[in-house]
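You will see chain A twice below: alongside chain B first, and alongside chain C after that.
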Partner chain A sequence: MAVVTATAPRRRKPNPAADGTMTVGRTRTGNLVANAAGVIFSIVMFFPVYWVLITSFKPQTEWSSFDPTFIPDAPTLDNFKSAFNAPLFKQSLVNGIVITAVAVLAALVVGFLAALAVARFRFYGRRAIILVVLAVQLVPFIALLIPIFLMLQKAELTGSSIVGVTLVYVVLLLPYTVWTLRGFIAGIPRELDEAAMIDGCTRGQVFWRIILPLTGPGLVATSVYGFIQAWNEFIIINTLNDPEHQNLMAWLMQNQTSRGTYWGPLMAGAIITSIPVVIFFLAVQRNIASGLTAGAVKG
Partner chain B sequence: MYAVDSPTTPAHRAPVGPGANEPAPRRRKRRGKGDDVVLPWVLSGPALLLLAILLAYPVGRMLVLSFQKFELKELWTGATPKWVGFDNYTAVLSDSAFWSVVQRTVLFTAASVVLTVLLGLGVALLMRRVGRVVRMAMIIAMMFVWALPALVQAQVFKMMTDSDVGVLNYLIDKLPGVEFQNHSWFYTPTQGWIVITSCVVWAGIPFLAITLNAGLTQVPKELMEAATVDGANGWQSFRNITLPILKPLLVIVTTLSVIWNFGLFTQNWVMRDGKPEPEFQTLATYSYVQAFGQNKYGLGSAIAVLTVILLLGAMAVYIRQMFKIGEVD
Partner chain C sequence: MRHGKYPFIIGFLVVPLALYLVFVVGAYLQMFQLSLTDWSGFGGFNYVGFDNFVKLWDDPVVWTALRHNLFLLILLPLVTIALALFFAFLLNVGGKSTGGGTRGVWGSKVYRIIFFFPQLLALAIVGVIFGRVFGSDRSGMINGLFPESWTPWLFLADERWALTCILAVLIWQAVGFYVVLFSAGMGSIPEEIYEAAALDGATKITLFFRITLPLLWSTLQVAWVYLGIAAFDAFALVNIMSVNQGGPNNSTQVLSMQIYLNAFKFSQAGYASALGVVLFFLTLTFAALTLRVTRRDAVDA
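Right, the complex of A and B next:
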């Protein structure tokens, strides 16, 4: 085998770019080992996801036994029924949708205007704004929860009010929104603006008719990411609001602590809670990764 | 260093500008109209206002709180909190519990970041070696992991390591001569932290691997081939070609991982059912529990301030790198 390894001709040499991989150092055994490693890696990575899925379809006899079934013997929807009928589920679902939608929309409008300013104008203080936007993304929000809680509590926006938590979510989403939209707007050639202005457009018309439509995909990607962020948050809302005014993620956490190791229904709840996020995430994944490291691969 | 000499000169613009370090291109872009001074501030006004109210003010308030005694009495009666100087800080810094939390958080951060970055890089390199079908499988598996909410990720790991019905115990029990039925993973802190770290690393690999894989596509094939012709082995090409090209990206993803993992809250919180034992506290949960569990808001703020101070280094590296790469022009 060792001899073969050393002298084996590189396969796919005539068309190395076909699958975009590097050809350097490729050997037949090397390929075999690499592919095997890739398959094992995929299985190990995916196993927990698979485990959530099948647990949610298992009857209690199966999920509560030490000898687990790797494919459910008697799949059932009982766990989902139990989750739907669990206390506060519907209320938390509605609250979660309202809070998330309002926060995303507000962050988008406010963030777009700010992104426009940093992307299209050169003004004193511009770098400072960028610096602030970059820095606040990094501050662990939990650290700010104490003063925010005290502030909103004094303003009576906590407890049974969802206004406070929605405001906090807007600010939570704002830095990323500004940062990502800035990138999208900067990608639109300035020549378009100039051409439109020569043709008689005002600044406002340029923003409305040229930049806004061209930023469309960016707005979609940013709002979807914002949706995921707000939907997944449960610590802030759990701290600020009473049990009747939680979102679905906080409901899921409360379910875990109150029902303990009731795994079947809990995993069904986890799936219901995750579905919108997973779908949205898979739709816009490309943009999420590039937002955090944008430009880093331009080299 | 990497074709970027000055933070003010973005790499992709360098050839266009008349002088590498002169502010000439900037001046040229200015239109000289009056609204260019006011309009950008009007546009960014709402965002800045929101950030000021709900970020800048809380930061200031947190600093102030850390020098005050703010407890249940102040919360309910609205009495003016008393200034206590550095009392909160002395109390925190002289508490051995705090130092063991710091030590634990640092240790966890180091271990989890090293593991995530190494494994992420390894997976990214592996993705360049495997066939199309296998690569697709790897990407799909990672996408699903990445898409799961952190809360659910933690819950799955909690379930899989459950002492009674956990599949991990079942699988280990299957090994010849090993008795693992009803083994409790959270009985000792070491084993518990192995579970928490595994969860964090598992959840972190997709972002690292997919980002670094994108970075690897930037490595010119000609360079690698030239190196092979010159007799470089795989390690030498990696060390001298791939790594330097990947370095700016590696710095960014590593600092991001440090910042994220240092602030660990969700995983240990969820796996310990929202009331972590002292051995499972991190700085984030510790500060949270002091404030919202014990109603010591001043003390909690002092811990939060110290946490942010410990993170400043990593944050500075990240921001500097973003400017250096020229994404911020």
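Right, the complex of A and C next:
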């Protein structure tokens, strides 16, 4: 039966790949179309980024001109200097770094432990916890902004304090962190745990010596994603904090509305703000893909 | 061995659960409470029963906003997933099939980085960029491409097209992430399956519909959930890009924008909370439906 079904189609259509005389013309055009589509789409995807890049190097006469130029005539670093010396820029930079670093680190530690509990133990309420974590991730955060603002204001953690906003970021990053790390941990065979425990490891040692190192790529992917999330956030911090305690994104947005026509410095500010994210991404580009799959595909 | 279980579980879960109890459960309870009040955002408040909900039922702006959310909820996942699938397939399987094996098209690594790039840009920056792309006179990037006799497209200032512009930007930003996500999924499909199908004479299109698509199904479901959430939210981009926060003439108004405006601009925090309750139940319904579909893959570890 199996033989019949396997060979029947082959008789009707002679094996194209093996005999080498396959429909060459069709594949060539197919490849050409595919490549053309890829190139065109890449241009659409990348052109706006290129635009920001070149605008940041244009002198004022050029970026304020109505005739767009696609290669700057006289490249200059003036815009970067101007952005760097703009009011509150450095302060926002420092705030952003502190808030992001603390939030990502906290989410990683808390999330790893929670993921361990969810992935390695069966206990009452485990399913409910997974569902709650998932459900929370599904609800747009804006719905919670009012009560959270109220709570943090009462606790005096808003305005000139960055504690409140850091806490909120940790809560924001947790679902993704737990979910992804859970996938990674679930992918580590339980037999490893058991073998180590037979050899005399305690449960704590198993977590510390076996699961933690094996989750390494997951931790990297998660922290990069968390970094991007926290670094790029600006709605919450803009709502909670006063102008002296914003991060760079919120600074950028405020400058966009208040100095909307200063394209050059604005774009330079945008470049500076994006650099850390791009560096992190390029450094761990491979791990990002595996991180995504671990969280998403492995059941 | 089994004795040491609960101390670990409790120790591991106490911090995240505490955070959730305060910032999520507590916040929701407070939102429900506030939705029954006439609180302005400052000072005291009175309980007004379900007045806020009656008011929002009769509020035409809310219905407009909901219609726009629905528009995004349908089109954002559809278009993004279709584009991402096409390019992921191109990058992974679309190349020449030499010796029966499958390969991506030439330069697929470069494509992957380029496609992912928009994902790295903060929405604040995306807003700045596309403000220029969609400039409504000849200084705008798109209108600038046409000759001087051209009547410029208004883009974000045009009631009919403003929301479509925002949808385009949402897709632009999302596509790369899903190309990478689907690529990873396709990479885990064993080569032998493609080889076997190619030997049996399957074309690229057959390979896609008969092998890639079914084997990627669970990844597609995840993508659908993520994009659905993005469509329900959409706040950040509407906030930066639209004329007058949801304009012109409410043509880009979405529910989250209404919540924000009522809470922090119109001093109607009670009413905004009621809208939050509506958004909560809408998203939860969507979540429940999706979870039902994805249950098998998602919950059983």
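The criterion applied here is as follows: the second predicted complex is superposed on the first by the 253 of 299 C-alpha atoms of A that agree within 3 Å, B and C clash if a C-alpha of one lies under 4 Å from a C-alpha of the other, contacts with A are read in each partner's own complex, and residues count from 1 in each chain.
By definition in this document, contacts are C-beta pairs under 8 Å (C-beta built on N, C-alpha and C of every residue); 3 or more make two chains touch, one makes a residue touch a chain.
Since the structure is predicted, the reported quantities are computational estimates derived from the model, not experimental observations.
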Touched partner set for A:197, first chain B, second chain C, both or neither: second
Which of chain B and chain C A:60 touches, first, second, both or neither: neither
Contacts of A:252 with chain B and chain C, given as first, second, both or neither: both
Chain B versus chain C as contact partner of A:117, first or second or both or neither: both
Which of chain B and chain C A:52 touches, first, second, both or neither: both
Which superposed partner A:140 touches (first chain B, second chain C, both, neither): both
Contact residues of chain A, present in both the chain B and the chain C interface: 16, 30-31, 34-35, 37-38, 41-42, 45-46, 48-49, 51-52, 55, 66-68, 110-111, 113-114, 116-118, 121, 123, 127, 129-132, 134-136, 138-140, 142-148, 150-151, 167-168, 170-171, 174, 178, 186, 203, 231-232, 234-235, 239, 249, 252-253, 256, 263, 266-267, 270, 273-274, 277-278, 281-282, 285, 289, 292-293, 296-297, 299
Parts of chain B lying in touch with chain A, wherever the complex brings them together: 2-3, 11-12, 26, 29-30, 35-37, 39-41, 43-44, 46-48, 50-51, 54-55, 57-59, 61-62, 65, 70, 75, 78, 123, 126-132, 134-135, 137-138, 140-153, 155-157, 159-160, 162, 164-165, 167, 169-170, 181, 202, 205-207, 210-211, 214-215, 217-219, 221, 224-225, 227-228, 234, 237, 245, 248-249, 252-253, 256, 259, 262-263, 265-266, 269-270, 273-274, 284, 287-288, 291-292, 297, 300-301, 304-305, 307-308, 311, 315, 318-319, 321-322, 325-329
Footprint of chain A on chain C - complex, ascending: 1, 4-6, 8-9, 11-13, 15-17, 19-20, 22-24, 26-28, 30-31, 34, 83, 86-87, 90-91, 94-97, 99-100, 105-107, 110-111, 113-125, 127-133, 138-139, 141, 144, 172, 175-176, 180-181, 183-185, 187-188, 198-201, 204, 218-219, 222, 225, 229, 232-233, 235-236, 239-240, 256, 259-260, 263-264, 269, 272-273, 276, 279-280, 283-284, 286-287, 291, 296-301
List of chain A residues in touch with chain C within their complex: 6, 9-10, 12-18, 27, 30-31, 34-35, 37-38, 41-42, 44-46, 48-49, 51-52, 55, 66-68, 110-111, 113-114, 116-119, 121, 123, 127, 129-132, 134-148, 150-151, 167-168, 170-171, 174, 178, 182, 186, 197, 202-204, 228, 231-232, 234-235, 239, 249-250, 252-253, 256, 263, 266-267, 270, 273-274, 277-278, 281-282, 285, 288-290, 292-293, 296-297, 299
Footprint of chain B on chain A - complex, ascending: 16, 19-26, 30-31, 34-35, 37-39, 41-43, 45-46, 48-49, 51-52, 55, 63-68, 110-111, 113-114, 116-118, 120-127, 129-132, 134-136, 138-140, 142-151, 153-154, 167-168, 170-171, 174-175, 178, 183, 186, 203, 231-232, 234-235, 239, 249, 252-253, 256-257, 260-261, 263, 266-267, 270, 273-274, 277-278, 281-282, 285, 289, 292-299
